[in-house]
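Here come two complexes built around chain A, the first alongside chain B, the second alongside chain C.
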Partner chain A sequence: MSVIAPKFKLSEFIKSLLDNVFWIILLLVLVGLPAVFMILFVIELPVINGELLTPFLALTWLADPSRILPVVKAFMGTDIFRVMAFPGFGFAALLAAGTIFVERKMLAKLQLRVGPFYCGKFEGILQLMGDGLKLISKEIIIPAKADKPIFWAAPVLFVAAAAAFVAFIPVAPGWVVTDVDLGLLGVFAVIGFFPIITILSAWSANSKFPFIGGIRALFQMVSFEIPLILSLLGVVMLTGSLNLSEIAASQSVFPWIVFLPVGAIVFFITMLAELERIPFDLPEAESEIVAGWLTELSGMLYGLVQLGTYLKLYAFAGLFVVLFLGGWNGPMIVPQFPAEILANGITMGPVTLNPPGLPLFTQEMLNGTLMFILKTAGVIFFILLPRGVFPRIRVDMLLNLGWGKLIGLAFVNIFIALGLLYAGVLGPGGLQ
Partner chain B sequence: MADAVFLALAVITIGSAIAALEMRSLIYGSIALMGTLGGVAGFFFLLDAPFVALFQIAVYVGSIAVLILFTVMLVKRELIFKKIEDKRRKFAGIGLMLVFMVALGAVFLDSGIKTITTDEPAPDFRDIGIDFVTYYWPALILMGLILAGSVTGSLVLARREDVENDQRAN
Partner chain C sequence: MTFKLPPGLALQKVDERIMTLNVGPQHPGSGHMRLIVQIDGDYIVACDPDPGYVHRGEEKMAEYRNYILNIPHLERPVIHDSCNVLYPYVLGAEEIIGIEVSERAKYVRVIASELNRCIYIMYWLAIYGIFLGHSTMFMWPAGDRELLIDLMEKITGARVTHAYFVPGGVRNDLPPNFEDVCLRQVNYFEKRIKEYAAIFYDNPILIARTRDTGVLSRQDAIRYGTTGSVLRASGVDYDLRVKEPYDVYEELDVHTNVMKEGDSYARSKIPWLDMLESCNIIRQALQKIPKSGSVRTKLKPNPKGKGLDSVYKRVESGRGSLGCYIVSDGKVEPYRVKLSVPSFRNLIALPNLLRGEKLGNMPSVYWSLNYWPVEADR
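Then we have the complex of A and B:
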């Protein structure tokens, strides 16, 4: 009979734990705290509630849980929180993980299968975590004649480019990582990096299936970038702005899809092609070329590429919502923060808790986020749906569609936008 | 701050340009070329022209560099390139470059560009667009015609007669 650890002794185990605790405390005292205080000399500390946040004040507040909210609020205003947690990477990765799970379950239901079921008691809800742990713990195998630097760098660059794409998407009024004037142009610039990373990754593996897949991906992405950019010009003409927040805010009365359905359809189809989703999944055609340009990637490198793919999917869906479906605009359904808590605090028996810094989020922000998530989930659903329905199309049909039909339709969309503008329906003197 | 960024960008741009010329591997050479083009985009950012910078990234890094990369990957380079190792040519080239750079630098410094100081805000891209369709419209039309002509020309040149249409089913 095999056991996992044959020479296991509880006393040894406890001793090793105590050893670790000892070394952690020692290093923290001798290295960690001096380092923290040296850093605190250099950085500028924020002013919270009219008081300069010195380290002593911060420690005082940490000891008093009722005064922690202003600190949390100040932290949520910083750039690092925006980049890492809320409108940026963490939020997008959470949505991406949800997308993967929903895709697997929904596809299974469409095909009369069960899908992930056993992992985590209820409907396989822990399957993703298991897959993630599996990918992290697997060995990374690099082909013998691969170009190692590029092979290692390409998945990381892929995630980085996807995260840069996510950074442009405004989630709620004022909640966006980079609120730049030329946000849409920035999006175009970031989209341009994906084919480069794909072809470099495919070439560096030095194997024929990745190379075929990479060349297909390059064909597909480069030729669908043109209708992608052209189909968004109509929105830019009607809004007169390239700032994505301004574009979202301009749709408070009606979304642009009402006036530009052609552009929305063209953008949706090009989106499917840029994301390499069925029916345009030629670069990863698993029945022809194993896994396309992902064939030689293993372990966490494959996991990173998958993460990047789903981040990109979220970002494209978010872009569709911002440009055509009105972004965060929608009916106000989140209730207002109860006024008596603000005035009197929370009474629990003899204790009254009246923490400063409430409410943590404004009503507009919560409602906007909710609306944005609902709309994005709808768009993601429509991106996932063709996978259960359509077969894969041939590469010549794909290029014919991209160059022949979609570019023409994108120009039709531009002329519709110009017509609306010059007829006075929209723009100055018109509806908006 | 701006000076440090300028120096870093200059080092990146010139260094990757030299690397693009001197690398033995053509793939790494084209990656270095991407670095050069990205560095130029950084200069545009530094000059308060984000519109031009983003187009530099979208068009040059995103499309032209991909085109070069793609061509390099598909071509068997041993068949078309012959290595010519010639010390004298190399030094002559470097000398010519230095002469050009000194001459251009002298012209620039002599033109009084260092005495210009301005606090004007960067021009809005909307103004550029309005200028294009009002005052500079002949230039725009001319550019459009040249582009259309070159696209048509390349299509004519690239047209192959040996592809039979009946092999393709619609």
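Then we have the complex of A and C:
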């Protein structure tokens, strides 16, 4: 006789609980603690009460929880945190995931649907996680005649290039992964990788539809890189710097979009084309060439390309914010950290906590991050919106737009910038 | 003795510049057929439509069933337009069996067939939208179609395959209070489809993409024998509801929409104008319909033809003139039933329209022909 629900036995329930506890403790001791120690050995530990915190002393936070704050603060100063978590990959991936969710729900509202609804308690918020799990669990099918090493490498390279792009974007004053003086040139260099990776992936699949899609992507990206670079020259001229942090800091009074709206429009359109968003999604035109250069990708290879695409979307939106909308500058709306807590500590009944290392984040950093996220979300919204409004355009129209119109407008923008400089409105002796 | 291979299998001279693409049958942009497209760079050199993947033998099946049993399967070629695809068969069967149809039944048929025409065109429009990469234009018609599907469900009890027309009238009467509900839904539907102009038909990108692509001249349209929206988009004023009115269409004021351009844009706009016209026709029919009376003339069991007899009837369906040729030899089954379908006629123009076009225009030109693969294969 088959039993649908097994009989409940208290002893077996307790045994399963104990089993779980055992495994959790075992994993913590064998994997978790070594990992924590490795990180603690890498970071520069702070000095508390005149005593340098050693990794072993740091573990005394188990007895004295107030010591966790200086350790966390020290960890946040390390490069590994910047690359992995805050201005780098983790932050970008989080925003990208939010973008996908907003895109689905917004498009659904526009099209009289509900969009993802059942996965997760609230409005299908876990749908993306479900999709990711599905993609990971799927079999990766490689075409028999494909050039296998390149076919495998291309999606990984795509994500790597997108992540490298993310590393250039300054989020708050001092919060950027790579603060180099030639940041903007670095961005152009990284953008230049995408067409190469795309054509590698398309060609290595050895199939007709990916090939056509790859050629289209190559046309599109190469022909739109020129107006992209030209449209940013105006900002560079007025700022006199290629460092993205300096460009963002130079807009503390007004954003450059006030003076260079033409450049902003040209950059926004080229951005849509570089991102292969509708109406410029010719490389993935479904009704003509199946899925374009993504046709033969399956499983997590496809998932990686999608991840890279959305990272790239975030990075482009962030670049737009940094160059034209003033980056982290904005009204100070985050309140100051309460001074009395710094002086007297937190009083909870009979206990008074006076943790060292407060405040964890400066007010400028929190406010800058908030401003950056708000502006980036706005730009991303406008990147997503055309998907519900426009049909796809054709290759010849695309090339005509890129070579004929946008380059001309980009030159107009450069002349506007030059005029502002020579008239003395901006630049040395002017407003800034 | 020469043996001619079918088009896809024949050996061809290899040209380094030419790439042959098999668009379909497992391609998101083809439907249940295959287009063998040869491209030189981005330009289409030749296109060879290869229909026949969904041949169902409807005409042969009709020879083994009597005049009533033929109804549910003869509507299968175009399930979204099932009333119109059945209309010529029912008209012909009535003439062969020799029964009269009451006035109210004729009006009910007109209402049902116009509703069904709108349902079909909405489905077609949804696919046209997604072929152009306009996902909103896919979702909106697919959603607004429900208004009319609900109406058809009220009338016939089925949402898609209605099997509603029978020789001698229609299967059952309209539900009580139908006129008010229908008027309200149709008015709202008309208001909704007028909004499509703002997002789709007046969209500058759509106009730039479809204007002057796949131009079918007036002479060619007549020469290839195209019908329906394709013919009317090329400037030929031809609508069977006006030219050869059947049932009660001569008592209704039917306006024929004609555009002169003959390009993809005109071919995509004519069905939309037809939908607005259908709304007018439905409103007129709802006013003029007799308030009471029978909707079905009583039939004998197993009706037979009068003797050796043949009849050809045609109606204006959602895609163009759809004809049905019935030969009877006096038995309970028809001797031969032949459907003359508009989809196949319109497909004939496709290779000529696509030659010299860009690959990006292929989906829009192909689907603007108002082609329904299942109907062409029958």
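By definition in this document, the second predicted complex is superposed on the first by the 376 of 432 C-alpha atoms of A that agree within 3 Å, B and C clash if a C-alpha of one lies under 4 Å from a C-alpha of the other, contacts with A are read in each partner's own complex, and residues count from 1 in each chain.
In this text, a residue touches a chain if its C-beta (ideal position, glycine included) is under 8 Å from a C-beta of that chain, and two chains touch if they have at least 3 such contacts.
All of these numbers come straight from a predicted model, not from anything done at the bench.
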Fit or clash between chain C and chain B when superposed on chain A: fit
First (chain B), second (chain C), both or neither touched by A:168: neither
Which superposed partner A:290 touches (first chain B, second chain C, both, neither): second
Touched partner set for A:86, first chain B, second chain C, both or neither: neither
Chain B versus chain C as contact partner of A:396, first or second or both or neither: both
Partner chain in contact with A:282 - chain B first, chain C second, else both or neither: second
First, second, both or neither for A:182, with chain B first and chain C second: first
Lowest inter-chain C-alpha distance for chain C and chain B in the superposed arrangement, angstrom: 6
Touching both chain B and chain C, residues of chain A: 396
Chain C - residues contacting chain A, complex: 19, 21, 27-29, 42, 129-140, 143, 199, 203, 205-206, 208-209, 358-363
Chain B residues within the chain A interface of the complex: 27, 31, 34, 50-51, 54-55, 57-58, 61-63, 65-66, 69-70, 73, 125-126, 168
Complex interface listing, chain A residues touching chain B: 147, 150, 180-182, 185-186, 188-189, 191-193, 195-196, 199-200, 203, 215, 218, 222, 225, 240, 242, 396
Chain A residues within the chain C interface of the complex: 107, 110-113, 208-209, 212, 278-279, 281-282, 285-290, 387-397
